[in-house]
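The two complexes that follow have subunit A in common; it is paired with subunit B in the first and with subunit C in the second.
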Partner chain A sequence: MEENPVQPLSKSKRKRLRKKLNKQGPKEDGGEAQADLEFVPAVQVEPPAEPCPCLKPQPDLEREEESPVKVKEPENTQEIPKTEQIKMDVTKGAEMSREDIKAARQAKKAAKKSKENKKPEQKEEKTIVPKEKAQEQAQPKPAVVKEPVQKAPVEKIEETGSTDKGKVQQKSSKELKEERRLKQEAQRAAKAQKAEQAKAPPVIEAKPSKSVKAVTENVNKPAKPMLTGLARTIATMARECARIDCNPDGVHPAFLQLEARMQSRLLEGSTARVVGLMRALRSVINDYKVPENVAITRDLVEHVEKQVAYLRGRRLMSVALDHAIKSLRLNTLAYDVSEQEAKVTVNAAIDAYINKIEQDMQSVALNLAHKVKDGALLAVYSYSCLIMNALKQLFKTGKRFRVVVVGSNTHNGGMTMLSQLSDLGVECTYLLINQVNFIMPRVQLVLLGAESMLANCSMVGPAGSAQIACVANSQGVPVYACCETSKFSYDSHQGSFFKQNELGINLLFLTFSPLFTHCKCAEPEFLAPQLKNMPYMSQCSLRCDVVPERFISAIITEVTILPCSSVPDVLHSPSSDTVLKSRTT
Partner chain B sequence: MSQFTEIRNKLAFNIKHGNIQGSLEVAKATANFVDLIASSDGWTVASDLLKIVNDEGKKLTTALPLHATVANVLLQLMHIIRAEYYYAVNQSTQAVQRFVESCMNCEEIQEKKFSAQCPGLKDAILDHIAEYRTELDLSVDNITEQAAEQIQPGEVIMTIGRSSIVAAFLQAKKAAEHLSDFQVIVAEGAPQCEGVKMAELLAKSKIQTTLISDTNIYSFMSRVTKVILGTNLVLRSGGLRALPGAHMVGLVAHEHKVPVIVVAPTYKFSSMLSESHQSDNETFNLLANPKGVAKFKDGIIASNVKVLNPMYDFVPPDYVSQVVSNIGTYGVSHMFTAINELYGAVEESAKDLKMAVV
Partner chain C sequence: MRSNEYRVILLAAGSGSRMRDITNNKPKCLLPVGNMPLIWYPLSLLEREGFKEVNVITLDVQHAEVKKAVDKLGLKLDVKFHTIRESDDLGTADALKKVAICGEWKEDVIVMGCDFITDQSLDEMIKLHRTTGAGMSAFFFPSIPESTSVPGPKSKIRTDRDLVVLDKHNRLLMLTSAMDHDENMSVRMRIIKKLGRIDIKSRLTDGHFYILDNRVWNFIISEENSDMSLKGEVLPFIIKQQFSHLNKVVHKESKGELKRLSVDIDDEQETEETHKFFKHFTVDELQNLTDLYNGYNNHPDSSYGRYLDDRLRCFAIIAPSGSSFKVNTLASYCEVNRQVLLAENWERFAKSKPLVRVDPSCGSKTRKIESSLVGANTQIGEGVKIEKCSIGSSCIIEQNVTLSGCIIMDGVTIKEGTVLTDCLISDKANIGTNCNLKSCLVDAKFSVPSITESSSKILSGVLMSTE
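Moving on to the complex of A and B:
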């Protein structure tokens, strides 16, 4: 299906792309698939533990959900041969991350339960919470899920994902293996029942939202403690996050999954997010059907906006994502365009954008090469698809360097980076952000992956970036932000870190934590799960950081290496994309 | 084999295995040990006593490389012994005062070698050690008394990791004024993440507490009015050897012009010298096993990956505004003098430095 990173490029496109890439820079690796998918480290990395969260093919869970919901006619799937897809998925099964497996497993359980007790829907809603508990208890027995359930109604999948994830437990590797095996069996069965699946009756989507409401109501019952100052701010933010547009009604499963993957940081790095978004959009477009008597241009824009609003409601939209959507220019479609034509046009635009991202990444790598001397010791923080790709390029062109990967204990971006770099054969050192001072005096260069550059020249990056930059700056180590110009933003830093920040899922303001149970993915580790509901106690882990201009020596873009102060110039330059000219909302 | 071997081994064992927990208890146990030595009949002149304490101390600190408190207490008590000797010889408070304050007299003392017979020296020394032990007992109270001066209502205080003395400091403030509405932000303090325990402790005493991840220190600092840090050691320069992350908190606070207050009783004052930032970091740090940094299941067992887990962080004196201790509140620049008073002049304790610096 379209989500798969290998699939979207038709052969001719691949050739074209390869030509372009060859023009841009020398490439050692001759392999075809290798060449045009340089930017997809995920696909090539083999370790089963965590492929690459960034551009990993989206798990087939989505496919299972998707087809019964939206695909009412087989013609929607005509563009890509499905059998091939499923083969891919089966082989990929082993590589699926823990979260995906869990989600799938829970979905199956839920489906089975629903089969067993064929009670009216309303009853189910009422008893949803105890049911989940029952499932939790039943978890240790793998026998329960032995037979794969294929006709799982979609809304159950969503529901379990939403209510269960908060309680995700640690699992032994044995269990995981078992799950993986089951998953694969399921996929094999899925292959066989593909046709059936496609014909499965469309489902009613109202249910998940109801369950969410039910949960929320339950939550509001306990008396709220008096909150002051900071705790109040966090609580407000948590509530906002839980409230706005979080209603998953009518949101395409591809987007629900995208949101889950972002929330759980399976999809890490802004570039990876853009690619993920584009792929999700393609699913949306392909499954889109114009209602009668409505102009496609209007309705399609609305339809897409609805999907995007869901992400925005969860504070998951970033500048890069905004730009990506604007670049499609959905509102400029001709008024009388047919549905099929519109789909082709938009699909082409999506392909073009993804191609552009690839090219940008290559150019960034070339620019970075000027700054990395042979034998240098670089420091990188957390995971950045862009930096990973650039370092890979450098390493392949024969440059030798060592890398200090700085991670944090709240998310495993650093670990992902580490495993990918060490797989390449780069000599790596790993430590936590707290300990970075220990190694900083020896580091020659700090690279930060930017989520976006703001108009006041600040950089938005993953939480912790500012600290790394601050330490580097205090010791005279240059800090380079890696950022494509498509991530430059007209917005400027509001002065508050809370304004446009995302709440990490493990940032549960604990007294309100049940509000988050409908978030689809929770990280397995809370900051302190045992302190749930403790009065006078709140927990917070923000996801983004704004790095002030003064800490950053230069920005490495696909155009050239720029000082931070050039961000406004780039934004206003006549050559910059008109898309950028409009303010992001 | 001296007569103290068994006691020393037992002490080392108890500290190492956590039977004696917390630096205050360790300090008390060490002082008891020295008291035991001083009250024994194994010595007649001060030089003998000093030799015994030094020998036992060396063995003890070698056995306990992670407990700097032990070395600090031993050195401070040795200084007390010298001071008492000097007083006994000269019978003048002024002379002792000179001895305590000045480096100039070192040579003079060296010549005398502490070998003169002085009647009443033993009693004086025992008295002084008893006084020292009382001081240890009262150290927490003496520190928490100052909480009211340091924390104003409405303040937002940040700290990192767990420190019992900081917790006591904050709780004292809370207890003193039931309505005082200050808040505390606790950073986790990876890899040990003891900040979680700290936050729990504070929340239990009804202080509005926010537990944040270490990555958010910068984000939250703009809302913080004061940083209060616990520490492992306070160095002569006023710099700190503290748990990982302290440097970052100090730096970010410095960046935001937020005052950093260090809460440290005198047994955490170290005679260690600190020179440049670089050498500090490299020489006095220890690398622990990487358990807390990377989990085994993360599967990074590759030949080209090194996982580092430095145990300490060096906080330069520039980032510290004040040191609150049981003998008063000092500015950083005053630390040098304050520590000299505890250990004697630089050269004096330099002889014993091999024992202290582990």
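Moving on to the complex of A and C:
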């Protein structure tokens, strides 16, 4: 299979692969660990590694961006602040949405214009406009991404140091906020203007830039540093998560509830979310009434899509959820189907999918059984119902093992795992993620529950997974990711994962108003009071983590145990689930 | 926008039994607060939160009056009136059943009193209800201090306090009236064992704002519910059911051996009512499965799952101090009137409506009016001093009158030279010349003779005792 990766896996081949893997398993793990021990964290960017064979079919464009991916790996970022800077720039590039780029372009135009009309009275405004321009220019251009090490520090000086550095330092948080708001307004205004002018193309060039200029001048009067890099990204994310323009009109209460529970992190784990989604969909379908003179097929699809769009608007959709919706095959309903029949069909599809989830979980448990020896000491991180279920099955079949449950302050999943395991009677140890280094030498196997596997072979897991995997890898402990193939994703988030990530809850940073403990946590006014006075602080608490391919020894799926590099093969395999296949078309 | 999610019932048939002195001539829901009828506050709250339809329950004798007043408010809400007969003396739960006759609702239901004034956003309360998946959410806020000055005799009327038992997640474990417990209040050991720590609060006021899950609503309006009063009987019953063993989530695999049944069954008398109640809670397989796979657990330190594996959960929403009022006593009525006079408070409670201090129809003679409200068509004479008062419409205030801290309703005549401090003057009362009243309550249509000096008294034609 590895010799000819482009061709899909046949069933017999897969079987062979499994045997091979089982035989080679430990050896391979050792080898890989060895390789990683040699890796010394260094300032310089590693040259792009030999792309793994399965990445070959991918377009060249993505290979270009490979160096930032390397930089992003945790070993580097932890040790050297410089690389941190790089990371920030990379994220900037990735995080820029199309609107942002548009706005930036217009701002550029505005700046140009202001340069042309140089007038002595406008001095103050002028000095600032180019500053903003320089910064915004830098963001969308991939050129920065290509040579981040040299560029990054220089750029930083440009940003803050040009003319009024002293002024910059004195800005209060209030002013900062105000400015941020104004800037957003400017962008929004620009966008609105553009939309307005869309009908009359020739006018676009002159008019919108004028208006933008007017607004940016206002913005820059107080002359403050812009939010940059990471802080900016997080602010954007928080804004998107708390978006109120997401119209809840016509959204079914079940979906509103689902959204609320997901947003406030009361529904954790992609499997739980899928089941929750199915439950919400069931109520939507059952309450659905087909309007007069409308084909049910189209209207139902639109109706469901509207509900899903609401979740998507709050950036809560993930691969697993996408698959779940696709599996219902709403668009394949017969044209002349009656409302009742349609409901029965869709309900049956929901049941079938739930069944499939349960079966997949059992299969994963069976596959995992090959890897867990009697008396082994396993380490798990946070909560994963897939791993929980597998361990339960193992324990019931009489296998005895001990588990180190690793938890963190921001996810209470570890505690959930712990209490469920100890309920079973499994011997457990609980420790927090910052102590994981000490226990690792004794551990034989690390199990990570994956939210998703990306097409570039890295794993998405709860925040902290990468750290565990990294420590395990450095000490030669094999790391297995548990993931159903329905969570395999066609996306390969090169660069950063910010675009897809969700904001988590950082308990340390929050004040708890007695009324709304869980709501609104992404908003700045819920910061603890002592942190409000720190203008240069922006809180960051992310929900997901990306574990790079080389930290993972194998993926345990419901089909077989695969090496990480096989993710694209599974995705392109015709024998894999038709649901997956339907995504390519 | 919310009409597809929540139905709202506004209870406006209350007689105001705790403030008889001012409600014997006027429906409680029309008492003026900041020159707006009381019922305007909940209605405008609903309007600005995007509700389209409200069901208002009124007494038949007051229906016409209330309807006229509500129509005059010019709200965009579709207000549907349901009347109940005064002579039936129905409890709140019975009244709700009356509303339910009109049709079957699939939505969750919000039940609120017409005397509820808050600056909190309904959106947040609803969100909290949603995220917790609560069967019932009730709204509480810190009580107003007891030292609030009240016009009328200084009789110590013991206010009816609620005892609210909460866990650290604001889950509502018990709700009883302090009156029901002379000396002792017993809490079941099982509750304490399960939760480890509970808080009993005695200084919280129930806002009579409840968000009811559809299943709970169906129970309340069903035949099986024989209780009369929502607050007194039905809700405590529902809250108690949280600890029934029938309330446990039964997962597929453990259907045979009910989980931890032995712990729960020992002191549980399986009453018929409990069974009847849980008949409305059909098993939601997918919800159970979601819970089973969910990594979130709010009780990580106990051996129970999230929310203690309960299907029915009741939660308390607790607002900060001063954010809400329940206008059901004379003290809270006076307090809220005082609060509303401050511009910033007015903005909090009345949001959309701009504050009109003195209605332009009052003329512009020389006078001194400070932080007060004056209604339309009120005539104010020369040399009048008004401070911290709210004065209704069509009043006549003659020369050299001094008013401070008073609540004066509509159509009141105050003759010249009178000094009123902290008084409450009801509709169409008549106060003679050179009176000096302090902390007095003047009944509707009562004429106070000239040169009366009095303090802390109820001035009324009939001898009345405060109930």
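The criterion applied here is as follows: the second predicted complex is superposed on the first by the 324 of 585 C-alpha atoms of A that agree within 3 Å, B and C clash if a C-alpha of one lies under 4 Å from a C-alpha of the other, contacts with A are read in each partner's own complex, and residues count from 1 in each chain.
Here is the rule we go by: a residue touches a chain if its C-beta (ideal position, glycine included) is under 8 Å from a C-beta of that chain, and two chains touch if they have at least 3 such contacts.
Small disclaimer: the values here were computed from a predicted structure and weren't measured.
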So, A:464: does it touch subunit B (first), subunit C (second), both, or neither? first
Does subunit B (first) or subunit C (second) touch A:334, or do both, or does neither? neither
Winner by number of subunit A residues touched, once subunit B and subunit C are compared: B
Quick check for you: in the superposed arrangement, does A:415 touch first (subunit B), second (subunit C), both or neither? both
Thinking of the overlay built on chain A, is A:435 touched by subunit B (first), by subunit C (second), by both, or by neither? first
For A:426, decide between first (touching subunit B), second (touching subunit C), both and neither. first
Using the touch definition from the top, say if A:295 reaches subunit B (first), subunit C (second), both or neither. neither
In the overlay, answer first, second, both or neither for which of subunit B and subunit C A:266 touches. second
Overlap of subunit B and subunit C contacts on subunit A, residues 412, 415, 418-419, 423
In the complex formed with subunit B, which residues of subunit A make contact? 47, 49, 173, 227-231, 234, 407-410, 412, 415, 418-419, 422-423, 425-439, 441, 462-464, 466-467, 470-471, 474, 496-497, 501, 504, 506-507, 527-528, 531, 534-542, 545-546
Flag every residue of subunit B that touches subunit A in the complex, lowest number first. 156, 181, 183, 185, 188-191, 193, 196, 199-200, 202-203, 206-220, 222-223, 244-245, 247-248, 251-252, 255, 277-278, 281, 285, 293-294, 297-300, 302, 304-310, 313-314
Within their complex, state which residues of subunit C touch subunit A. 1, 4-5, 106-108, 120, 124, 127-128, 130-133, 169-170, 284, 286-287, 289-297, 300-303, 317-320
Subunit A residues touching subunit C - in the complex, by the definition given at the top: 248-250, 252-253, 256-257, 260-261, 264-269, 271-272, 275-276, 278-279, 282, 287, 354, 382-385, 411-413, 415-419, 423, 513-520
